[in-house]
Amino acid sequence: MSDKFFSIENLSVEYIADDEVVKAVNGITLSMKRGETLGLVGETGAGKTTSALAVMRLLPPRTGRVVSGSITVGDIDILSLSEPEMRKLRGELVAMIYQDPMTSLNPVITVGDQILEVLELHKRQSKAAMKARVAELLELVGISAERADEYPHQFSGGMRQRVVIAMALACEPELLIADEPTTALDVTIQAQVLQMIRELKTKLNTSMLLITHDLGVVAHTCDNVAIMYAGEIVEQGTVADIFNGKRHHPYTNGLFGSIPRLNKQSKRLNPIEGMLPDPTNLPEGCNFSPRCPSCMEICKIKSPRFVQSGTHRIACHLYSSEGGANA
Amino acid sequence: MYRYVIKRLLLIIPILLGVILIVFTIMNVTPGDPGRHMLGMSAPQEAVDALNETLGYNDPFPVRLLNYLKNMVRLDFGNSYRTKQPVFDEIINRFPVTFKLAIGTMILTILIGIPLGVLAAVRQYSKLDMITTFTALLLAAAPSFWLALLMILLFSLYLNILPPNGIGSFSHYIMPMLTQAVVYAASTLRMTRTTMLEAIRQDYVRTARGKGASEARVIWRHAIKNALLPVITSLGMSFGAMLGGTIVIEQVFSMPGLGSLVILAITTKDIPQTMAVTIFLATLFCMIMLVVDLLYAFIDPRVKTRYLQGRLAR
Amino acid sequence: MNRPLIQTVNLKKYFNTPRGKLHAVDNINLSINRGQTLGVVGESGCGKSTLGRVLLRLVEATGGQVLYNGEDILQYNAKQVKKMRAKMQMIFQDPYASLNPRMTVSEIIAEPIRILGTITDSRELNRKVFRLMSTVGLAGRLVNAYPHELDGGRRQRIGVARALAVDPEFIVCDEPVSALDVSIQAQILNLLMDLQDEMGLTYMFITHDLSVVRHISNNIAVMYLGQCVELCSAEELFRNPLHPYTRALLAAIPEPDLNHRMGEIIKGELTSPIAPPAGCRFANRCKHCADECLRQELSFSEVTPGHFVMCKRYSDDI
Amino acid sequence: MKLFPKFMVLTLAMLMLLTACGGEKTGISDDNSISPRSDLVIGIITEPTALIPSTAASDAQSNGRIVDNIYEGLLYVDESGNIQPNIAESWEISTDGLTYTFRLRDDVKFHNGDILTAEDVKYTFDECAKAGYSVEITGTFAETIAEDDTTFVLKLTMPSSPMLRNIAVARGLYIMNKAVAEQLGDKFSVAPVGAGSGPYKFESWESGQNVCLVSNEEYRKGAPSIKKVVFKFIKEASAGAIALETGNVDIYGDVSMVDVPNLQNNKDLQVSLIQGDYVYYLCMNQKKDIFKDIRVRQAIAYSLNLDELIMAVTNGIGGTKTGSLTTPSCFGYKKYDPVEQDFEKAKQLLAEAGYPDGITIEVAISDGSRKKIGETMKGMLKNAGINVELKGFEISALADYCTKDNHDIVPMVAKGYIYDADSELTDKVVTGTWGNFSRISIPRIDELMALGRQEPDDARRIEMYHEVQDIVHDGYHIIPLYYVNNVSAADVKLKGFKTRPDLSYHVWELSW
Amino acid sequence: MKTNQVGNFAQDLSEYDEQLFKEYKKVNPVVGVWRRLKKSKLAMLGLFFLLVLAFAAIFADFICDYESMAIELNIANRLQGPSIEHWFGTDGQGRDLFARVIHGARVSLGLGLTCTALSALLGLILGSICGYFGGVIDNVIMRVLDCVMCIPGVLMALALVAAMGQSTANLIIALTVSYIPSFTRIVRASVISVAGNEYVEAARASGLDTPRIISKYILPNAAGPVIVEITMNVASIIKAVASLSFIGLGVVPPTPEWGVMLSESREFMRYSPYLVIFPGLAIIITSLAFNLLGDGLRDALDPRLKD
C-alpha cells in the first residue's frame, strides 16, 4: 500500500431527492500509483461522476452525502479535511476537467482571467509573473498567448477544452480527474486533445483518473481499468487484463459485444438486454442479475465477492468458489 | 458599434411618430374642450367658443394634425393653452424634480433589491429566503398612496422630522423616494433571486468551485455577473417608467413632477402640453432602452460581438 | 439495378448571415437505392443534418433537385408535400427534445397516422399503435406514460415507432444513437436493421461515429464543410480510403484493441463555412496541399466504379 | 454575514450619506424670534392658470385670490356692502342710465412708478370685454372713452341698474398698467412685474411650487404689515391640514370638512367657518318627458332629506340647507324653507303621475362633491321607489354631455358675480341661457328678468325677482340643496384673519 | 438468433386489448406540478388566501345583502368604529364597510381577472405570432408595442375615460391595453425558446399545419412563464385600479371596489383609520396571495429549478 499515491476504500455515496434515496455509489475500492492513469469505465448512472465529485468534495451540499469509506491523496485523508483546508487543495493538489466545454467556462470573463484565478487562489505572485505563467500555459495547450483576452464564445469546442485543461494544470496538481473530457468533441479534435493530455501527463508526472464510457479511449490512454455498473466495480485490472484477458464479467463481455468493430464485418451486434437499473431500488444479490445472460440462482440472492487472479479482479459468481462452475 | 447606435436612433423616429399619432387622435377625438376648462362650468358658451377659436381648436381634426406635425418639424411645439408659455418651459423646470426622485429611487432599489435577491437565492428555501420574499411582496402589494399617507403621519406629524410635502431641501425627497423604491426594490429582489438560482446551477460555477474558489468569490465574481444581465433590462424599463413621474406620489407629496403635469395637461385638454410631455417621455424611454442595450453589450461579450456586426440584438 | 429511390442533383442550401452566405450544403449529388442504407458521416458543422432536413423539405433548398422515384419533390405544392410526408419520415437525435412532453406515448405515435394516415376508427388506431409499440419493443403498459417518466432508450424507441406509424418507404435517421449509452445504442441499431430487413425500408443514416456507420450502411458519404468529399461502399471506404480527410478520420478513431496503433493526427481546426474560398476546403489542414488544390473548383469524379472522390492528389501516399 | 462584506458596507454608507446631506433645516421650527414675523405662507390647493385680472373672474379661485392683492378696481365694496370710491374719486350716471362718468385720482402709482391714467382704465375695460370672461357685465358695454388723464366715460347699450355694483366687485375690471401689459405680451399673464397698483407687487412664480408677492412700500393707503407673502400649492387637502399643524404653512383655505373638527380643537390654530356664496342645486332636464310632469319633480323634492345629504357629502359642517336659489346677502333674496322628506307622499305623487312602481332616472356626475351627492341620492331615493343610475364623467365631458341635453338630472353649483338677483338667477332660469340645465322656458320669467335688469326703482326690482323665485319654487323647476360653507384655518397668532364669502385673502389687513 | 425485440407482425394482439388501454389511467403532468407546488409553504399560504377571497366573492350575497347593507344610506350610524354588528365599522354614508369589502372582492377580483385574461389572450396571440414567424411581422408588432409602452399607462386610462365616460368597461379597456406589451414580450421569448425544440420539427415532419403546431405543440409547453406572469399581473392590476381611482378614474360609485373605497376615504384616515385599513388590507392580501402563488408556480412549473 505504501507506494499507493491515491486510494479510495469502500466509498459509498447517496443522494436524497424529494422523498427517495438514490444509492449512486455502493462501496468502491480503487488505488493508483503516482504517474499512472486509471480508467473508470461505465454507462450513464454507473456512479462515475459521483465518485469524482466525492474525491473533489463537490457533491451538492444539501442532497449529496458520503455514507462510508475513505479517500486519500498522497498522505492526506480528503474526507476529514475542513472546508477551508479542502478548498486550498482544490486546483492545487487535485484538479478536474469537465465534460461539456461549451458550458464549463464563464461566458463573461476572459479566458486569461479564468486561468489567472487559479494562480491567484494558490500561487500568489506579482501580476506580471502570473500573466506570464498564463501565457506559458496557453502555449502549452496549443493556444496562441495573444488570445488570452478573448472570451469563451470566440473559441471552438476543442479550443475551450484546451483552456479547461490549462486551467486544471495551472498549479501542476498531483492528481488530475478527467470526467469524459473528449466525449463532446469531434473525432479528430478528440484525438488531438487526448494526445496533448498524454504528453502533459508524462511531462508533469501527474497521475490521472480518466472517466469515460468509450473503451477505445481507455485502450489508448490508461494503464489500469475499472469497470463500474450500478455504483459497484464489477471488474478491475491492467489494460492487458481487460482487453486481452480470457475471463470477463458478463457485463464487460456485453460492453465489448455492443461496440461495432471497424475491422470485423459482423452483421449483428449482441447487446445487453433490458435497461439500466433504477438506483432507488437496486435488485437483490448481484445488480447485473436481471440483465445477465448467464445468471444463476445464487446471483439473485447473494452479491458476489471479488475473485482475484494476479492483477485481475472480477466480482461474479461464475468464477467464485460458491458458484462451482468455472469458465 | 456606432453603426448599430445610429440604426437604433433612427428607429426611434417611427416609434415617436406612432406615439404622436395615437396620443393626438385620443386627445382630439374625446369630447370636452380647453375653452370650457379654462373658463369653468359657469362661463357662458359664447366665451368658451371664442376662446376655442383663438386656440385653433375648432378646425377639423386632420387640419390640426397637419399643423401640429408641420410645427413640430420646425421644433415649434406651440404654447400651452393654460399658461400660454412655450410647452417645454414647463417640462424643463418640472423634470429635475422627477429626475432627482427617479435617481434616488434607483439607488435605493439597487442597494436593497440586488443584495437581498442574491441572499434569498443563495439560501433558497431557508427562513431568510421566506422572510425577504414575504416582506418584499407585502410592501410591493401595498397601494403606494396608502404607504405615503402612513409615512406622512408617522414622520411628519408624530415624529416631526421630515417635511410633509413640497420640494426644496433633500429631506423633502426622502419619503417619496422610499414610497417609490419599495415597489421597484421588491420586483428587483424577486427577479435577482430567480436569475441567481439559474446562474448558480450553471457548470461554470462548479468549475469555479473546482478551482478552489470560496463560496463568496464564486457568488460575487462568477454567478452575479451573469445573473445581473436580465436584471439590467428590467431596471432600465423601471427607470423609464419612473421618469414618467408617479402621479400618486406627486399628488400626496405635492411635488411638481412630470406625472402631475401629464394629469393637469390631459384633464384641462391642454393638447400641446400633453403632446410635448408624451414626446419628451417617449424619447427619454427609447434613449434609456438604447443605453440599457449598450450596457448589456458592454457586460455580455457575446452580445458585443453581435453588435459589432451591426445586427439588431432584440 | 433499378432506379435509385431517392437522388439529389447539385443540391445546395445557403443560409445568409450578416457576414455573408453560409454554405451549409454545397452541390451534393447522392443516390440511395430502395432497401439500402446510405451512411452520411462528418464532423459537427459539416452540414449533414441540414442535408437530411432539406431532403424532407423541413428546410427549403437554395438550389438543385431532389428526385424521389424520379419526381423532383422540391417543386411539390403544399398538398403534394403532405402526401409525400407519408412516404418519407425522420428519426431525431435528442431523445429528450424530440418528444412533446405534454403528450402520452400512444398520442405521440398516433399523431402522424391521425394526420397523414387513413385509419379513422379509434379502435383500429389503438390496435395499430399497440402493434407498432410491440414492433419497436415497448411494453404495452407504457401506453399512457409521459416521456419524462422514461429513460433515453425507450424514448428513442418511441421516436422510431412514430416514424414507422405511416409505413414510410424512406427514413432519415439524424444521429439516432449518439445520445445513448453503448448498450442501448446496440439495441437500437439492431432494431433499425431488423426493420429494414422486414419492411424493406431505405435509410439515410447521419452520424459522426465512423464505427457505427460502418456497421449499418451499404454506402458511405463523407462530408466536410458542406461538400461531399468521398462516396463509396462501406467496405471500400475502410479498405481503401482515398481522400486525405477520410484517412485522417479513420486514423483518429481509437479502436478498443491494444495492438491497434493510432494513425497520424491532423492539425488545425475547421475553417468558417461562411463564404468559403474556391478550391478544396480541406486545404488548410492537408499535408499534400498544392496550388492546384486552391483557387478553382474541384470535380467530384468517379475514380473507380462506385468510388467518388473530390481531390486531385489523393493517390500520393497510399 | 461574511458572505457579502462588500455590498452590506456599501448599503450602510449610502444610507448615511443620504440622510446626512439632508441637513438643511426643515421648515418646521421657524425663527419665532422676538420681533414679530413679517412674512406669511398661505397654502392653496390649485395652482393658478394666469395672474391677469380678466381670467380672475373665472371658476379658478386661486387666480382671483392672488390677483386681489396685486391690483385695484375703480370702486370697492366695504364690509357692510356699500360701494366706496377707490381709484375713482367720484362718479355720475346719466339720467337715461346709459353713460357713467368717473373722476379718477391723480396720485395713484403703479408698482413700476407710472401714474395710473384713464388710458389704463380704458385699456383694462376693452381687454376685459375682448377676453369674454365676464361677458354678463361687459355684454352691455357700448363704448369706453378716456376724455383726459383723470376722466373716464363708459357708455352702455342699455341701462343696467346693477352695473355700478358689477364694476365695484368684478375682478375682471381691476386696472392694469397698459404700458407694461403691451410690453410683456404673453409673459404678462405669468410674470406681471410692475403691472398693478395694489398693496403687493409680483415677485416670482415657481411653477408647481409657489407664487411670491412682496409689499408695495409706496402704497397710497399705507404700506401693509406683512412684507412677503408666499402662496404655496398643496394639492392634497389632508396634506394641507398636516402642513398647518406642522407650521409648514400659516393659512390653508381648502381644508377638507373631515379635518375641521380636529383643527378646531387645536389650540395653535384658529378656524373660521362661514356660509359661502356657492349654491348646490338639482336641475331636472324638462326636455325629457318624465320631468315635464310637476308631480315627478315634486316627488323627487319630497324624497330628499337635505340634513342627511349635507352630513354625508360635507361631513355635516360643510353646507347650510336652503330652499331658495339666491344667497341671503343678495339683493332680491327671498327665503323659502326646503320641503320635509316624506317617502309616502313621494310614492303617492309618482303613482298619480302614472308611475305606481317607481321610476329609474340617470344622474350625471363628475368628481368631488357632485359625485358624493349622486352617491347619496342613490342611497336615499331608493326608499321613495326612485332608482338612481349614476353616470360618471370627467368635468369637461360632463359639460359637453349636458349641453347636448342628454342628461336627466345633474347636480350644479354656481355663484353670482355680485350680490344681485340678476346675476344669481339669470344663468339658471332665463330661457336659452347656457347654465339653464333644467331647460325652463317660461315667458313670464324671461319678461320679468329683462325688466328687472333695467328697472331703476329698487323696491320694484325686488318685487319682480320675488315673483320669479315664486314661479321657480312653486313649479319645483329647480331643487336647491345647500349653500357651501367656506372654511379656512390659520395660525392663532395671526391677527385680522377671517374667511370671506368669495374665498379671497386680503393680505394687507393681516399682521402678526 | 432473432431476439424477441421485434414482435413478429402477425402476433395476435389479444393480450394488448382495449381493457389494457383503459387500465393505465392517464397520469397528467399537472399532478407533478401540484406535488412540487405543495412543497413551498408560501405558495400554499397564497392559495389559502385566494380561496378565502374567492369564497367571499362568490357567496357575497349570502354573507350580507348587497342593497341594504352596501348601498343604502343610513346617516344615523355614520362613521362608527368596528363593532359586533358592523365588523369593519361604517363609512361616511353609514354603509356597512364589511359588506362593501366583501362585495368589493367580487368587483376587484373580477376587474383583475378580466383585464389579465384579456391582455394574456392578446399577448398569447401576438406573442406566438412574433415568436414563431419572426422576421418582418415580429419587427412590426414589436415596434407598435414599443409605441404603446412609451405612452404612460395613465394617459391611456385618462383619455379613454374622458372619451367614453367613466365606466368599468372603459377601465378594463384602458388597463388591458397597457398590459399587452409586457405579456407579448414574455410569450414571445417563451415561444422562441420552445420553437427551437426538435419535437416541433417532428410535428412539421408529420405534416401538421402551422396553427395546429402553435396551439398543440408550442403554447402548452410555453405556458410556464405565462402562467406565472398571469398570477403576478392580477395583483398589479388591482393596485393600478386603486391608483387610478386616486385620481378620480375608478369605477362609478356606489359600486364597492377596494381602490375607490380606499381613495375616497383617505380624508378620514386620521380620524377613522379603519376606513382606510380594511380596504388597504384587502388589496394587500389579494396582491400578496397572487404573488406568492405566482412565485410558487414559477418554481413548480420549471422542473429544472427543483433543488
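Going in written order, the chains are labelled A, B, C, D and E, and every chain counts its residues from 1.
As a working rule, a contact is a pair of C-beta atoms (placed from the backbone, for glycine too) under 8 Å apart; a residue touches a chain by one contact, two chains touch by 3 or more.
Predicted, not measured: the structure shown is a model, and the values here were computed from it.
Shared contacts of chain B and chain C, meaning chains that touch the two of them, come down to A, E. Counting hops only between chains that touch, chain C reaches chain E in a minimum of 1. Chain pair with the highest count of contacting C-beta pairs: B-D.
Computed from the mean C-alpha positions, the centre of chain A lies at a distance of 54 Å from the centre of chain B. Annotation: 90 Å between the Cα-based centres of chain A and chain D. Centroids built from CA atoms put chain E at 47 Å from chain D. Contact of a single residue of chain E with at least two other chains is seen at positions 3, 158, 162-163, 266, 269-270, 307. With touch defined as above, residues shared between interfaces to two or more other chains in chain D number as follows: 238, 394, 396-397, 401. Multi-chain contact residues of chain C, defined as those touching 2 or more other chains: 187, 190.
The touching residues of chain B, counted against chain E in their complex, run 11, 14-15, 18-19, 22-23, 26-27, 29-32, 124-125, 130, 133-134, 137-138, 140-146, 149, 153, 190, 194, 197-198, 201, 244, 247-248, 251, 259, 262-263, 266-267, 274, 278, 281-282, 285-286, 314.
Taken in their complex, chain B has these residues touching chain A: 202-204, 206-214, 221-222, 225-226, 299-302, 305.
Every residue of chain C that touches chain A in the complex is listed here, in rising order: 43-44, 151-154, 181-187, 189-190, 193, 208-212, 214-216, 235, 238, 248-258, 260, 262, 265-267, 269-270. The part of chain D that touches chain E in the complex is made up of residues 237-238, 256, 258-259, 261-262, 307-308, 311-312, 315, 367, 371, 374-376, 378-380, 382-383, 390-394, 396-397, 401. Contact residues on chain B toward chain D in their complex (touch as defined above): 30-33, 36-47, 50-51, 79, 82-85, 89-90, 93-94, 97, 104, 107, 111-112, 114-115, 118-119, 122, 149, 152-153, 156-157, 160-171, 174, 215-216, 219-220, 251-257, 260-261, 267, 269.
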